[in-house]
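Next, two complexes with subunit A in common: one pairs it with subunit B, the other with subunit C.
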Partner chain A sequence: MIARLVVRRLLISIVILFAVSLIVFFATLLLPGDPARAILGQQATPERIAAINAQMNLDAPPWTRYFLWLGGLFTGDLGTSVATGQPVSELLGERVGASVFLMVAAALISVPAGILLGIYSALRRGKAVDSAITGISLVLAALPEFVVGIALVAFFSTTVFTILPAVTMQPPGTQVWDFPLQLVLPVAVLVLVVTPYIARMMRATMIEVLDSGYVEMARLKGVPERRVVLRHALPHAIGPVAQVIAIQLAWMAGGVVVVEFLFRYPGLGQALIDAVSYRDVQVVQAVTMIIAVIYVIVNLLADIVGILANPKLRTGGES
Partner chain B sequence: MAEQTPELQPQSPETRAVLAGDPELTSTDSTASKEAHTGGRNTVLTRFWAQGQAKVGVILTAIVVGLALIGPLLLPWATGYTTTEFAARPFQPDGLFGTDNLGRDVWSRFLGGGLTLLYYAALATALGMVLGLILGMLAAYVGGWLDSLIMRANDVLLAIPQLVFALLAITVLGPQGWVLVLVIGITHAPRIARVARSATLGVISEDYIRAAEMYAMPRSRLLVREIMPNITGPLAVEAGLRLTYSIGSIASLSFLGLGMQPPTADWGLMINENRIALSIQPWGVLLPVAAIAVLTIGTNLIADSLARASASANAGDQS
Partner chain C sequence: MTPTRQQRPHVPGARGGRGSGPRGASRAQPDVQVTALSSGSAWHERRESGANVLEIDSLEIEAVASGSAVIDDVSLALRPAEILALVGESGSGKTTVGLSVLGHFRPGLRHGGGTVTLYPSHTDRPAEMTALDDAALRRLRGARVTYIPQDPALSLNPGIRVGEQIREVLDIHNFGASAEERTERVRSVLAEVGLPGDDAYQARYPHQLSGGQQQRIGIAMAFAMYPDVLVLDEPTTGLDVTTQAQVLDTVRDMTVRHQVASLYITHDLAVVSEIADRVAVMLRGRIVEENTTEEVLGSPQHAYTRKLLAAVPDLAGRNRIGETAEPGAPAGSVHEPEAPAGSSAGFAGRPEAGSAAAAVRAAGASAVVLEVSELGLAYGENTVLDGIDLELEAGECTLLLGESGSGKTTLSRSIAGILDSYTGRVCYRGEELAKNTRQRTLDQRKQIQYIFQSPFSSLNPRRTLGQSLAVPLEMSGELNAAGRRDRVKDALDAVRLGRQFYSRRPGDLSGGERQRAAIARALVNMPSVLICDEITSALDVSVQASILALLRTLQEERGLAMLFVTHNIALARHIASRVAVLNKGVLVEAGPVDEVLDTPQHAYTRELLTNVPKL
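Let's turn to the complex of A and B:
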């Protein structure tokens, strides 16, 4: 039963990714300009252009190129960057790790923080603490990430205090996590932007569940309050929250672009911005696909968590 | 600012009130007392205006919108400079708020730089609303294969983060105003379509719809005259949310250097141009950041208050 649902979701995800790859590939066909000419620059002679075209399969019909490109995605061959002439996979290799590290660090802080704040807020419903959490999260939820980022930079790096570095500086041969102090602000921005949504949803579902019949029943039976919250209420509330967490984490795959640009963090997002400025199609395609894959995987995981956490499905009581 | 989740808005009015975050509105007697306050009239608007945060939201929004509308009219006589005129050397404390990276007057550029952002954000929101509304209502009303097609296409579009999708479009079509409006509008559409679809499904089985069908009212007229007026509540909330996100997205793209192009005076672009001098001449960054922050907080407060007002309206209908 559960296995069938999971397989179904997996198949849907794969179909979605294929459709995304179609959009990404055929959208960039609209682009004017000749990649071979762009790579060669001043050294462009007809023979060299023909050679590059043959090498990059640019003379093949679009459908053939699409399947060659798609096949390349599976084997790790992401094409050649028009701007630098390097293979895209080489260009992005370390950056994927850096970006994923940033997102995982932010997720590890914001998910527990959001859930705890939401539960706490729900248990103190209507009290001052609750109003404060609700109000602050409403304000934070409105702010674009670069606004949060610049506020933090102005406060901690330049204008008020100068205790944290405002940009990431990474000597070649080192990894981003070798300099934990530089990670504080980028991670903090992501956490501040994502946590309010998780907390708001957690609070809403928790309040609903706490008012429900089975929680009242458990309380009437004399189950200790801590156990009521953790064993009876939380599993029912976590399903919808898992969805919101997924959307937030998946959103991070896009939001990380702005944060990386702001802090000059050497990740995928920075590469994407550079590639868009240079109109480096191969890199844009590759980064868009990688981000879409991250996005779809996160959503898939959330759906699976939702399926597993749903007590009705777990006991097989309902079809 | 991250992604809110229209598809997760629970259907029961109770939950919607809870989600909106106001414990008072979930109890029926408070609705009654509010009715007394407003002298018997109890519409969504009166309930909206009865909330303190709605007033704050409207005032905040009005301040920034007023500034952006009147600002360009004050130039150059009030400040002495136009938005692109050189006033002094770069990053000097001349004038009210100093000069920017090219020595232009920050105060003039700030006054002149809000209108394009507002204009593009409003257009993008309107486009998204129209597209989403048509698709969502058709999906719900026609049903069958059209419904499946529209909703699956939605899933595909939703698998690419909005900002990344915008960057893809900008790579292909270049950073122009209409591209920004088009791509932000299109990426809003699936999210709005989901809300419109579920709201339409909620009213479609009502008797007045069946009556209209029996009078053989044309389908287009039925959708516009009978269904649309009855789903304005959720749509208004959605419009408010989407406006907040449009402002954030367009400002973010300008901040990345891929939205408005120099020498336009634009808040997002100003932040990009002046952030290198955050520590010596912070006004070029802080003024536009503050304006964008106040504006998005204002529109988000309005959206949240609308959500509460229409949630309690539905609760009132059923009690």
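Let's turn to the complex of A and C:
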């Protein structure tokens, strides 16, 4: 039963990715600029432009080019960067790793932190701690990530203290995680932006569940409070929160663009910004597709968590 | 009182087993162990002598916000193997008292004074439930004093397998000596409440059980630890009569067999007469009367008790509820006049004798206003309604009886055109109606009006009654603003609310007042057919009685054809002249009230009639 639901979600995800690929491909076609001219620059003669166009299939009709590109995606061939002449996969390989590292680090901190803060807040409902958590999380949720980022930079790197690096310096041949201090601020920004949403949602669902008849019943059975929260309440409160977590993680895949730009972090976001300014269509397409894939996978995981948290879905129609 | 109670089989083995076995060996840590001591202890003697197991003395519970007393000077005592019913209408504080027995006060309430003393069987020291710390309370809850909640669908954890939920109680309270013993106890307690105890059944989730089975799981959970005191909070309210009868049997049997002292909270006096030994009547946080069940039901002393009794609909229709039980009626007037002598008790004043209906018949016109023929409805493979034929006559009320899931609401919604996926025909005065209410003519729409079950959700809380009630008139668009206002005020008068309610909002109104407003909304367009979908089932009995009285009056005044949908067969003689019984989407029986109730033809009707609790 679960398998069938998961397979269905998986098929839907694939359809969505196809739709996204269509939109990405034809939208980037509309970008101004001629790739061949961009590559050749001053040396562009009509013959050389024609030669490049033929070499890159740019003279073929859009549909043919779409399917060639799509076929390439399946074989890991993301095309050739117009700006550098390197294969896109080679260009992005390291950057995908760096971005995913940033996101995973932020997720590993913000998800448990959000859930714990939400539960704590719900258990202390109406008390000072609860009001403080709710108030601060509301303020943070209202601030865009670049404001949070700039504030952190001003506080920890430049104006107030100078204890953390404000930008990422990565000598060639090293990895981002070789310099943990440089990671602190980018991760902190993502954590500060994502955690409030999770905490607020967790608090809301937890309060609802704590007010339910079965939680009261558990207490009237003499179940210790810790077990009431963890065994009786949490499994029901976590389902809707999983959806919010998924949206937040998916948001991170896009929000990382701004954060990377702010800290000069050598990830996907930087690559996307560079590619757009160089009219590097192939890279734009590839990065957009990668972000879309992350989006879809995260949402798929959230759906699966939702299914597992709901015994009615889990057991299906067998009643 | 049912004489059968004393004849119920007493199972000596079950009780004898309590003292012997591993529980007897658990005396080593009396403060941690909460299973019962073996026989011969001081507590055992106490119980054998029939002394109180629980004493509530001058209990006061107050609202945290205002400091005002919600429960005032309540004193009760529970004895082993005895069921004390705590009776009152919603808001009387009966659940608050029940929960205080477990030392639990809902958010917003706190203990104000007085004591709740439990004499638990695992120690010789009494426990003061209002003064214990959380850890001590937890040790007693679920073990020495247990709780069976009102709605098992809400109080069983939907994410935990039912066997595990019972097992949890045993684990927390260290039942027995080994895991095997606990597993065995889960099995045996399931068998005791009449459920299969096998692993496959224990592995089910609550949503895979019927309402009656869910409530049995709740009962099994409450009895698993052989408690001394049991609090039952309206455990049969959501159940149909047949299941209710079975659950009451189980509770009664278990209480006697295990010598449990039970507090049975309910608003249903008919249930009380079936199950309770003693009755305490609560009114606004105070006990107004307490005595044996025979005394309270047979010769009630307090005016409120008499009012409650007069409001209980009985199958025989002897007391024509609502005639004198209007809210605020002087206490002296509650006493019901005896029915006219003779075999046909209660025949006088039947709805069909209504003047308007009589006039219609006298004029020789066809009285059939609405005719349903061959109506069916199916969702895929699942047939909800099949071949329904029904006629409604002017000035006549038909009681459509069915249990939850019988399709009664689906049928009434199809007739009203809210559901349009049915097959078959609905004719109004001989003319076939379009399936969807939107395709019906304005006049047809005006003539058939629908009243919903819950007055709490059917009125828009942001609008005044005047605004809400004017909506149907705006839809028909025949009157100007002044005309609409007059019509709405007339309707408010007609439902005995009075036109001063015109600018009030639903939030200020009681349940009964809201339902009157909802009835008024159905009346503004001067309909000839009224469909009432369980409109009294969310209300207290005394309010129900007054609503029924209002409907009878309206029917007589206006010659309405009424379809009164309900699950409560006891209402039949109080409102209807005809009864139609719906079972699993099929009309199994239809006819005049007396015919159906006195000589039921179908087995299902007979089963319903035997299971109705009687006062």
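The definition used in the following text is that the second predicted complex is superposed on the first by the 310 of 319 C-alpha atoms of A that agree within 3 Å, B and C clash if a C-alpha of one lies under 4 Å from a C-alpha of the other, contacts with A are read in each partner's own complex, and residues count from 1 in each chain.
Assume a contact is a pair of C-beta atoms (placed from the backbone, for glycine too) under 8 Å apart; a residue touches a chain by one contact, two chains touch by 3 or more.
All figures in this text were calculated on a predicted structure; none of them were measured in a lab.
K.L.:
Quick check on the superposed pair: does A:59 touch subunit B, subunit C, both, or neither? Answer first, second, both or neither.
P.N.:
In the superposition, A:59 touches no partner, neither subunit B nor subunit C.
K.L.:
Per the contact definition in the header, classify A:236: touching subunit B only (first), subunit C only (second), both, or neither.
P.N.:
In the superposition, A:236 touches subunit C alone.
K.L.:
Classify the contacts of A:193 with the two partner chains as first (subunit B alone), second (subunit C alone), both, or neither.
P.N.:
After superposing on A, A:193 lies in contact with subunit B but is clear of subunit C.
K.L.:
If you stack the two complexes on chain A, which partner ends up touching A:178: first (subunit B), second (subunit C), both, or neither?
P.N.:
neither
K.L.:
Touch check for A:216: first (subunit B), second (subunit C), both, or neither?
P.N.:
second
K.L.:
Please work out whether A:279 is in contact with subunit B alone, subunit C alone, both, or neither, and reply first, second, both or neither.
P.N.:
first
K.L.:
On subunit A, which partner touches more residues: subunit B or subunit C?
P.N.:
Subunit A has more residues touched by B than by the other partner.
K.L.:
Would you check which partner chain A:288 touches, where first means subunit B only, second means subunit C only, and both and neither mean what they say?
P.N.:
first
K.L.:
A:19 in the overlay: touching subunit B, subunit C, both, or neither? Say first, second, both or neither.
P.N.:
In the superposed model, A:19 contacts subunit B only, not subunit C.
K.L.:
Which part of subunit A faces subunit C closely enough to touch in the complex?
P.N.:
By the definition above, subunit A touches subunit C via 212-214, 216-225, 227, 231-232, 235-236, 309-312, 315, 318-319.
K.L.:
So in the complex, the part of subunit B that touches subunit A is made up of which residues?
P.N.:
1-5, 8, 10, 14-15, 18-19, 21, 23-24, 53, 155-156, 159-164, 167-173, 244, 247-249, 251-252, 255-258, 271, 275, 278-279, 282, 285-286, 289, 292-293, 296-297, 299-301, 304
K.L.:
Quick check on the complex: what are the subunit A residues that touch subunit B?
P.N.:
Against subunit B, subunit A makes touches at 12, 16-17, 19-20, 23-24, 27-28, 30-31, 125-126, 134, 138-139, 141-147, 150-151, 153-154, 158-159, 166, 193-194, 197, 200-201, 203-204, 207-208, 240, 243-244, 247-248, 250-255, 257-258, 261, 272-273, 275-277, 279, 281, 284, 287-288, 291-292, 295-296, 299.
K.L.:
Please give the residue numbers of subunit C that touch subunit A in the complex, ascending.
P.N.:
Those in contact with subunit A are residues 99, 102, 104, 134, 137-143, 146-147, 149, 151, 154-160, 168-169, 172-173, 205, 207-208, 221.
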